[in-house]
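Two complexes are shown next, each including subunit A; its partner changes from subunit B in the first to subunit C in the second.
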Partner chain A sequence: MNMQQYNISDNNFEQCIKCTVCTVYCPVVPVNPNYPGPKQAGPDGERLRLKRGEFFDEALKYCLNCKRCEVACPSNVRIGDIIQLARIKYSKSKPSLRDMILANTDIVGTMSSTFAPIVNTTVALKPVKKVMDSVLKIDQHRTFPKYAGQTFVSWFKKEAQAKQDLFPKHISFFHGCYINYNYPQLGKDLVKVLNAIGYGVHLLEKEKCCGVALISNGLINQAKKQAKININSIRKSINEEKRPVIAASSTCTFTIRDEYPHLLEIENDDVRNSIELATRFIYRLIESGKVKLKFRDAAPVKVAYHTPCHMEKLGWGYYSIELLRHIPNVELVVLDSQCCGIGGTYGFKKENYKTSQGIGASLFRQIETVDPQFVATDCETCKWQIEMSTPYKVKHPISILAEYIDVEKTINLNK
Partner chain B sequence: MKFDTVIIGGGLAGLACGIRLQNRGFKCAIVSAGQSALHFSSGSFDLLNELPDGTAVANPEKAIHLLDKKHPYAKIGDKFPVYTQEAKQLLLDAGIEVQGDSKRNSYRITPMGTTMPTWLTLTDFTTLETPNEVIGKKILLVNIAGFLDFNTKFVADAFETNGAECKIISVSLPEFEKLRQSPTEMRSANIARVLENENTLNALVAKLKEASKSFDTVALPAVFGLSSNDPVKKIKQLLDIPVHIIPTMPPSVAGIRTQKRLRRVFELAGGFYMLGDSVVNAEIGDGKIYNVYTVNHGDIALYADNFILASGSFFSNGLCASMDGVTEPVFGADVDFDPNRNTWYNASVFGAQRYRTFGVATDDQFRIKINGKVQDNVYAIGSVLSGFDALQEGCGAGVSLLTALYVADHLKK
Partner chain C sequence: MKNCNSENNEFDVIIIGGGITGAGTARDCALRGMKVLLVERFDFAAGATGRNHGLLHSGARYAVTDKESATECIKENMILRKIAKHCVEENDGLFISLPEDDINFQSKFVESCQAAGINAQIIDPAEARRIEPSVNSTLIGAVKVPDGSVDPFRLTLANIIDAKANGAKVLVYHEVVELIKEQGRIIGVTVVNHKTQENNKYYAPLTINAAGIWGHRIAEMAGAKIGMFPAKGSLLIFGHRVNNIVLNRCRKPADADILVPGDTICLIGTTSSHVGFDEVDNMRVTSEEVDLLLREGQKLAPALATTRILRAYAGVRPLVAADNDPSGRNISRGIVLLDHETRDGIPGFATITGGKLMTYRLMAEWATDLACKKLGIDKPCVTMTEALPGSREEEPMPKGKTYDLSNRIKRSTVGRHGDMASKIASDNEFDNSLVCECEDVSVGEVQYALKELDVHNMEDLRHRTRVGMGTCQGELCACRAAGLLSEAHNCAHQAKADLAKFLNERWKGMYPVAWGEALRESEYTQWVYSGICGMNKMEEK
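What follows is the complex of A and B.
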């Protein structure tokens, strides 16, 4: 009889040899002594929880879900997944009103975009911040990302959609909440760059928030519902319309590719390889010689690249870094890969503010030492955190490409 | 992706090789499946402590001609003294302060307090010319209260066996008490982080000064300096009597610092380090490997002129043992091992173990073979190699560093 079939878990937890390397690289442990650390919260605690669920420790909520423990693990144990699954399975704490507001990016985004000028002004007011701090427990040091008056989708439908069919090749764009509600310009930049290299950009039939914030705030059923809608639309795009799906956000991409099957039990094997980051998509085309980029002459700029945690887990920092190095006037400094501390909605919560800033401190110091003209990163929440915590502007690599690309020459080059 | 060299494995061997190659103008990528064994390092680098028959070695340079021709050092041959110098220099250039001499082993203190011969030791730690150096010394052995990875009783017993007189105390500071809220995380690396704060370090030094008044020496666990050795230097400078820093159980603070420094130097030289990724497939042609595929990069292959296998031994999954034999999982390279499984083990757990001499078979230039055929552009370095027992002979770090530099120097563009 093969006994091993009964003791191999999906998360490899029995491969843990208790070496503690995960804890060494956990960004939370050094700043929050209430967090038991990934080894204890993950595989060690799992042994107890498998015996009796009441061994579950609510302190697991302090996990940022950055997955740096998994990247560091020499034994391929999915420590972060073990922790998140334990929270899903055993946690008894109910999401608060605050958590629901932070997690429901779609609903809140739709409402806020409609009343953008009012919302932006109101949430920036000191008394309002104080009320949010004391009533909702959203830390008053935080500045909410501004809502755009016109969503990316409404801009796209009005200004760009009609001409997309004219291009020879096509992709579907998973824009995510941030581009849609807060920063449509990044979406416009992506359309500009992809159109220049001969790709028509299309919306998915239906797109919901990827669900990352719902997962981390314990709203699992809603996350599953949204994930199903997304995966169905993604399947239609890839299998029927033959359009690969690309996203600009490293976290949306990671969530759809890996968190869907690992945490939400939503299989994506058939389409996973056709969902990727915009920078990887463009890198692949350049490397295989199918596409060439032409840049305009511009003054030299010093740019510092920050690797977001989920980008580190994807292992795809290389593509964004190489694309930026492709731009002649960009002098690129790659910062040490470390967590900025925001963890999506984590850092907005009053109880996590100190931890969040403590985690990011060494990154902020390094940025200040490098003193670039601006910082580049593929994650929207890293951008907020760095902009809230340092004097530096943060831009997405796609926006930087869009800024320096010579559209006409690039179009001619790729004809 | 196109590189000059792709190195599989990002530990001591892979990084040393990568740094050397970057400095020679090769564009390298390192693919590393998680963090390396340097996290369990003693803080010393052994070169050769014993011959396979158990004879002690005092001067490694003089002893290498006594090794079997299958031993990696035998392949390096006359160049051995040159490479020991250059390996030491590579560490020093990376800002890793070490002392030691390849013509004369010194003694390091182990986490159990015993002494073992070694080659290079980080200057944090005390090395002894002879184990008897502690005779007649009054040693104050200090632990941080609640830190369980430092066995003070064992250390004291070992010192006393060697003729010293020991007193054990434990000290506490409010900052450590905060850490102890989560007792499982009262570990060396976390304590070291707390001690990066200058005020906390000064408070500790004040306590040590007071407690060590009537002693000759203070001995402390190695919980200082994750990013530099400044905290150790400071303690040594502020206390008026000699300080012994004793290695702890893993994780090793000095080892983590070494890993971080080497990686940083590799990256500053232009290398790309891919952490948390592993090679799953390779396109193998006629005596040559064209590219490798990894988990993270999926269908985007890593092309290179040369590939270097630095994937470690059994512990790092560089080698895999099954009931039928020993295999190398990345390329399916030929492995030297005895098919008679009964000969693999020695019943004495501390004795030499035959399975530890198993490893990837290579030609004179450390090129691997697949089905007996030498692969022109694939080299193996470090503990994945066959022909030595790193633990019994005390030569693991030496083999990693020396084969790394040797292979890096013999690659052609």
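What follows is the complex of A and C.
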């Protein structure tokens, strides 16, 4: 008998040997007893759902899709994907108005940026928060990230685009919603750093929100539509223009690389290796001796690095950490890798607020013990959560790099 | 020897065998007012009853070759859907023709089905692919029939519970060692209690042998000879459901041509080969059989090739030999009721055998009719309409908007116990915590089984609840169940020994298919129990 052929299974969940380490690493399980945990919700539940769909458990919505179960799994079971796919396939609850608002980051972003001062002031008002809490079920303890008056894209087109062709090497930048609508400064920082090491920065032909919030809120068809637009533009950039695609957000990067093929059935094999995170891209250039960075003299700062869950899943935390260690005046403390609890839009929902804060509690405590000047992380929603839950500011590694880099000397060094 | 004739050991009828036939007969006799004793040497459903496909035959399989069986099957099929709905899943079945099969057989098949009263409909291969996506996509023909699946453990238990409710006395782990004869007449049995090793005598004017293949030996004790034909059938259990509709090949019955979805798993089977009586207590599945089952199974559903196999097992059909058929395939699956008084001149003794799981109720009816005749009782059979316990309430599932975790457990529990699930405690966190995570068996359910369902050991518990039947095959649940067992029976030593036995039994089923993930998991299990729990040390002591 050819034993080999019987060893390969299409049913990824069958690789589970019930060791339960996934449930040990699940951040939700210890704080929310209503969540059955990844083993029960994932491979165990899948068998029951294959028997009959009615065994689907709405409690699966408590999964915040951090994928820490998958990182922990020694058997390579895609537990998080199994749970998300089950939600997509079996959940009967329709996305609410609130879910639509939270999920449609770019539509809401476009509108809000236009009226940024009004929106920012309004959503920060206590009475408005109360109304959002009771009507929309967006927890009143939450503060929405501020919208910028000018989007990153309009700044870029006006101020930066023209000179990008002059650089010897080129990349395309997947800026994502957060940089575009809420925090263009990070995008500007990225342009500054990449330009300094000789890379021209370009926008993709078309860019839509990566869709992570659409997926987690059950708006799958829309997520697929946007993913197709993105992957087509990414393909054009990589295959035709020979420009790798760089993003600053660990979640956008993870979504495009892994969630597209696993959850949305959008294949990306041909381009996946050329979609990467800014810190990894720069670090690898330094490691291979292709570029050098020069930093200016500055007072020592103590920085605590928080590893976002999707960064952990990508296995790329190392690159951001090591890059920050290149900055001479930075004293880096690496925090224990644990979920901050926000899970994108998850923590904004009233029903998840307690779980969300419960998950983050030990991270917040550790930050306070370390007492850094500021926290560094690659994920925008981790940033919101830490800023909402601790007195510390959070910066992106690229912004820290941009702050201490000596642009003139770096340009000369790389000529 | 104690136990002289007294109220406590005199019965109207003694039934030997706690398989489905014995359980059904005990129930029918009890319902007709007899004082019943049932004796079983191990546990309920420990023989062929618990070792088959769990197929709720429509009868279509026998339509062409054995019209009598086919007619019986479809009638009983329709009855079981009503009286035992918590044991039955109405999945439907497909008889598919593959390119290598003779498509002309199909019309003969459909004709024979219709003649037997089976609603067989030819459907388009494309429609077959739509309703059952796992089916071999190269199929050239398909016939839809009212097949289904039936859980033999649940069905047996429901019959036992009702028999007891109607006054029957049931003794498990009591083996018949002698039939008591007086002036050529069987007047009772001597049984040994396997727990205490004590012998007891029980008396009744009629003893019914419902011991399946082991009935051969019981008959010999009485001095009668039955030409039994032990036909071994091997099956493979897959880790999850590949199909939701029963898949059969539309051809004359052959090896490995039925794939049945049952509860969380699916089963491919069977093989058929003659075995000696010396082997019937120790069936082993050979690698040739595994190979054959996989090779043929893939033709029904190609996904089987890459689906994890949980275990392999074999049962022995109690066929009654009629001719010199070496495979046993062509022997009628018809019911055989032997009145040994008229057949062999041995009054007080009858044998009910042959037949199939599907026709157990009819077998019980025939046997009970004979008992009534012998005992001068004039009461009609009601088992074709009287629902079994578990299947009496219309809507046992509490209606809720969403299914939270405890509802998922409830759903599994109701699936197993029907309306009797209301007896299971679910009041607090402990009751609701899981013993078996693969099959959602709660502490409450295990405690209910321990208290009310004649559970003596882990194996019994598995038959009642599915503890240990999931993909982990006891890895996580066995020690928890052993803990509860030890508490209930107040004997840790016995529970530990039982745990070791249970795990070895699980391994026995995994051994023939030990590769890939199943092997990896069993290695992990072994590591947990030997390395962490120190069970290998325990054996050394």
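To be clear about the criterion, the second predicted complex is superposed on the first by the 404 of 415 C-alpha atoms of A that agree within 3 Å, B and C clash if a C-alpha of one lies under 4 Å from a C-alpha of the other, contacts with A are read in each partner's own complex, and residues count from 1 in each chain.
To be clear about the criterion, contacts are C-beta pairs under 8 Å (C-beta built on N, C-alpha and C of every residue); 3 or more make two chains touch, one makes a residue touch a chain.
This is a predicted model, so every value here is computed, not measured.
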item: Which of subunit B and subunit C A:Leu136 touches, first, second, both or neither; value: neither
item: First (subunit B), second (subunit C), both or neither touched by A:Pro36; value: both
item: Touching partner for A:Val370 - first (subunit B), second (subunit C), both, neither; value: neither
item: First (subunit B), second (subunit C), both or neither touched by A:Met388; value: neither
item: Contacts of A:Asn11 with subunit B and subunit C, given as first, second, both or neither; value: second
item: Which superposed partner A:Arg47 touches (first subunit B, second subunit C, both, neither); value: second
item: Subunit B versus subunit C as contact partner of A:Ala72, first or second or both or neither; value: first
item: Subunit B versus subunit C as contact partner of A:Tyr25, first or second or both or neither; value: first
item: Which superposed partner A:Leu314 touches (first subunit B, second subunit C, both, neither); value: first
item: Overlap of subunit C and subunit B interfaces on subunit A (superposed complexes); value: 19-20, 34, 36, 39-40, 44, 75
item: Subunit C-facing residues of subunit A, complex; value: 1, 3, 5-11, 14-20, 34, 36, 39-40, 44-48, 50-51, 54-59, 75, 93
item: In the complex with subunit A, residue positions of subunit B that touch it; value: 1-2, 33-37, 39-40, 178-179, 181-182, 184-185, 187, 189-190, 193, 250-251, 256, 264, 267, 272, 274-278, 294-300, 316
item: List of subunit C residues in touch with subunit A within their complex; value: 239-241, 261, 263-264, 287, 290-291, 294, 303, 305-309, 402-405, 407-408, 411-412, 437-438, 440, 470-472, 475-476, 515-517, 520-521, 524
item: Contact footprint of subunit B on subunit A as seen in their complex; value: 19-21, 23-25, 29-30, 33-37, 39-40, 44, 70-76, 273, 280, 284, 287, 312-316, 318, 334, 336-337
